[in-house]
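Below you'll find a set of structures to go through.
The two complexes that follow have subunit A in common; it is paired with subunit B in the first and with subunit C in the second.
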Partner chain A sequence: MEKIVIVIIEDQREVLEAIARDLATFEDTFMIEECDSADEAGELMETLDSEGDYVALIISDHIMPGKSGVDFLIEMNEDPRFESTKKILLTGLATHQDTINAINNAAIDRYIEKPWNQTNLINYVKELITDYILKKGIDYTPYVHHLNQTTLLNKLRNNP
Partner chain B sequence: MDKSWFQKSRDVGWLKSKYFNDDAKRIYLKKGEVLLRPNSYNDKLYLICKGVLKGYIEDEHGELFEIFNSSNDMFVGVYSFFSSEHKSYSTVVAAEDTVLGYIDHSQAAVASPDFAQHFLPVVVNEIYLRQLLAGQMSLERQAAMKKLAETEKMSTLGQLAAGIAHELNNAIGVVHRNTELLAQSLKEYFELKEPGLFSFFTKSLERGQRHSSSFIRERRKEIEQKYKLSARIAKQLAKANVENEQIEQLLKSGLHEFKPIQFLIDTGVSLHDMNVASTQAAHVVKSVRELGNTQKITLVETDINETIREALSLTKNMLLGIKLSIVTEVEGKLLANPGDLVQVWVNLIKNACESLKHEKTQQPEIEIKTWEENKTYNVCITDNGPGISADLLPRIFQPNVTTKVDGLSFGLGLGLSILKKIVESYQGAVSVSSQPGRTSFIVQLPKKI
Partner chain C sequence: MGSQSDLKKVLKIVAILLVPILIALLPTSWMPLENLTTTEHRVIALFVMAALFWILEPIPIYATSILIIVLELVVLSDKGIVWLKGEGDDFGILMSYKEIMATMASPIILLFLGGFFLAMAATKYRLDQNLARVLLSPFGNKPQWVMMGLMLITAIFSMFMSNTATTAMMLSLLVPVLASFESGSKIRTAFALSIPMAANIGGIGTPIGTPPNALALKYLNGSDYISFGQWMSFGVPFVLVALIISWVLILFFYPMKNIEINLSIKGKFLKTPKALIVYATFILTVLLWLTDFIHGMNSYVVAMIPVAVFLSFNIITKEDIKKISWDVLWLVSGGIALGLALDKTGLAAHIINAIPFGELSAYLVIALASFVAALMANFMSNTATANLLLPLIAALGTSMPALQDLGGSKVIILGVALSASLGLALPISTPPNALAHATGEIETKDMAKLGVIMCFIGLGLVFLLLTILKLVNFV
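Moving on, here comes the complex of A and B:
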């Protein structure tokens, strides 16, 4: 079975830990990869791609030493291999300009402000992963307990 | 009208020889001697032959403000001489040893009809000078009002920040204290209940999650391959920093035994992170309060490195994305108001950050170094930004010299001139050297306690 991966990028160790802990519920089915910089994430994306894994979602902080989150997400958006990968910007410190840039050039799917709410975060992740799996035409049955039921039903209704 | 008298009367030399040639009518003032006082009677018109006179007016608190400064060949006492009441409006003092010539109303020349004509240009000049002074003062007043408004805005922000800091201080104090309490109670509880696994808790409580994400990934893969475990379990084991030996033991006794271990580790790491976060928050709050405290002159034994740490926690936001290296070679203690020093560092760090960000420097870095030399503490803050232009560099510590201040920057920023004043109030010195890619500010503070 193919591996579906969620990548989290956050430079502050405690925050990275907290996001991962909040999403631990997905770990029985999806792989959660934690990175403390965009550069590390870039390398990881190469490895994941070469191993044939699916990166369904990237959740990234914006302001970090080295490459910024928005810049990294723009790169991902422009890379045909990760075209369908969903992107969440999770940040407390993006300027107006950064945000415009993130929407226009990185095509982010969700902007979440810190501090985040666990329930909302889980819902967004569910929704975006469901979209991803359906779009990629991956067999959703093994993942159904972690998917957004409404989105799934709508899809089934349209393409029985 | 006789043109020749008009032209002559604009020539001080001519007036001097005509009206001030009587050697008997001379006044010799020593430096500091007072010629006139406000409302004192004066029927003399003075011409300064040699020396300097300064005029002052007094405010309601008795403080003196200089209003004129007259030297050779200038007239003094014009108003009181020509007015009907003959009263001086200012205090006139000799700024150095001065020789004055004078004429007074007892002289026949004064009564002659030509006199007023001859002195018309002097009077006009006096009016002109006053007009000039009034104009200048009004400009100064406008500038002062503007500055006042700016200062008030800053001080309101400062008060607001101090108020918020006070409120937050209480809240964060509760979080911090209770985290410690909770950690302590859990420690005791686990020691009693899980003596065998207890060390997993204390270790993670003390150190938190200290491995990098890439290290954990490597270790996870290692465990995954070596023991043929699922990625999820392998990651948990890697994060928990469980050694191979312990993994083998766990595999023998059953992996379900890992669950309580993981619980203890997770709890320990959570409490550790809460501790770190609340300490950081408390630190920021304390720094904001101390920054607001600079008015009070209370000197206490202050650790230089501690004030640098406080400045760093205040500027944490600005420093995001900038590589920071800190080299502290000295345990520097001196008598100071910690708020003053924090303010100095905050300013230098802030300037460095702004310069790096403004020019979008690639791989921005800031280095902070402290060392001791000849009984002096040195703090050097270096950035790899574009540097300060050569024409600005010599004037950088002068008031009214600014690189840029756009909008409110949270009221933490001060001009370098004020920074210099603060440093000098500790008999210290601040210097700068700059070239593209390397700008260093060095603050030197004498060591005496």
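Moving on, here comes the complex of A and C:
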């Protein structure tokens, strides 16, 4: 079966691990992929796409060696294959201009400032993945316990 | 995890397929029915496949329905594979391919389509939410009365909308309010239990309330015909009584004292021309459904009127049409097609004649059939339950002499159809139960305790209703 994937991009090893640890609750249901650069993530996205997996969510840092997080997210936003993929920018070092760019050109869904709060992060991930699953028309029933109830109920009342 | 679970899935499908394939390959003379024809033999294999697939769900239930239709076209129709055709009495009867395909546009499918259009328009123009707001206001803020109000509104809505959509709407209003109470408190459990209960029960109220009701109409032809209004005349009182009993039970299990609950629903009635057309069409359609004895249009014909109106005024758009629950319609079509095969090949009558029902008490047969329906509905889809049971029950109703004294097909078909809505006990029983369970407010044991009790009370009410219908000479 196709997998639903969360991609995390962060150049600092310990931070990357901390994010993954905070999202460990999703591990059994979704596939969590860790990348330490935007280029690695780009290659990963190609592989996942060719295997027919669903990249539901990208959580990316901004300042990284090589391509910046915002630039990578803009690329993803413009790629029709990842049109529905949700995007979180998780950074402590974005300038005003970077932020504007992230909202207007990368159409990010959430902006989280470092240090982040685990509960908030988990809630955002739930909301966005719920949105993604419903938008993609994937059968939501196997995932129901990891979905945001409000998002799910609002969608189902209009479109059971 | 991926490839391993894929492999498991494939193995499951293969294992399940082996049984009907084996049945199909056995020599016809080995089957435990005398003078079985080849086509009847094929229908047995098809029926076993349908039952296994609907119960174990190796593929989605609506896919099973389409599979039934396609298999019938290929191996049981007059335009099927030429090498599978035969002649003579031993071979039996092939069905007309047109008749099989017509199950996808059968009058009861179109009745449901009309219902979907009404529900979609009502949701789109927020008639549902605004009605809920107005109807809820007289119930104040004492939790037991608010719960009664919510249950009534849920039940009324689920008579015309899908039980799932109604539950989703009511829970989405309720969940934020419940969050303000201490987690794990009884009030949260009680309210989260009340909504799916009311939605499941409410579906009994009208022919379009839930697919098993419409399927029952399919088998109630000729002198057994029941109009929309006639159905409501016993369905609505049934719903009210069952609702009040379940309300009392919930309050008994989860007493609530000295608290207030404030449920505020935002919004105002829309007054745009389109919204007014929606209100008027809704009222007109229901009135036409209730007054067929005056104008002569049956419920199926009336159901097409809102479809035309909403499309003409662009109230339901091209995009909206794509959102219609085709899966529900096709799930029902498959059931009709299965019933058609059982009927046309003569298998249903053949099986029923082979079983010595004559010696059994008619009361026992009705009780048993209803109990089996309720039991199955707790573990699988209500519609699939009705799909499997109703064709057999309909044949039984016409061929069992002892049943005739109690009302014949009508009484046993109604018994089974109503009991198919009593899947109340488990999160997997119905989509409303699953949604309520997913809110995290209810544990399975809460749902099971209330659900099992209500299931038995519901069965009691079904028998009471059938008795009353008999007393007033309705059946």
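Just so we're on the same page, the second predicted complex is superposed on the first by the 160 of 160 C-alpha atoms of A that agree within 3 Å, B and C clash if a C-alpha of one lies under 4 Å from a C-alpha of the other, contacts with A are read in each partner's own complex, and residues count from 1 in each chain.
As a convention for this text, a contact is a pair of C-beta atoms (placed from the backbone, for glycine too) under 8 Å apart; a residue touches a chain by one contact, two chains touch by 3 or more.
Worth saying up front: this structure is predicted, and the values here are computed from it rather than measured.
K.L.:
Have a look at where A:Thr141 lands relative to subunit B and subunit C in the superposition and call it first, second, both or neither.
P.N.:
second
K.L.:
Which of the two partners, first being subunit B and second being subunit C, lies in contact with A:Glu14: first, second, both, or neither?
P.N.:
Touch status of A:Glu14: first partner only.
K.L.:
Counting residues of subunit A touched by each partner, does subunit B or subunit C come out ahead?
P.N.:
B
K.L.:
Touch check for A:Asn154: first (subunit B), second (subunit C), both, or neither?
P.N.:
In the superposed model, A:Asn154 contacts subunit C only, not subunit B.
K.L.:
After superposition on the shared chain, which partner residues are touched by A:Ser68: those of subunit B (first), subunit C (second), both, or neither?
P.N.:
first
K.L.:
Which residues of subunit A are in contact with subunit B in one complex and with subunit C in the other?
P.N.:
3
K.L.:
Which bits of subunit C are touching subunit A when the two form their complex?
P.N.:
Residue positions touching the partner: 2, 5-6, 9, 60, 123-124, 128, 162, 164-165, 168-169, 171-172, 175-176, 323, 325, 431, 434-435, 438-440.
K.L.:
Given the complex with subunit C, which residues does subunit A contribute to the contact?
P.N.:
Touching subunit C from subunit A are residues 1, 3, 139, 141, 144-145, 147, 149-150, 152-160.
K.L.:
Under the touch definition given earlier, write down the residues of subunit A that touch subunit B in their complex.
P.N.:
Against subunit B, subunit A makes touches at 3, 13-14, 16-18, 21, 27-28, 31-36, 40, 44, 63-66, 68, 93.
K.L.:
Going by the contact rule at the top, pick out the subunit B residues touching subunit A in the complex.
P.N.:
Where subunit B meets subunit A, its residues are 208-210, 212-214, 216-217, 231-232, 235, 266, 269-270, 273, 276-277, 317, 320-323.
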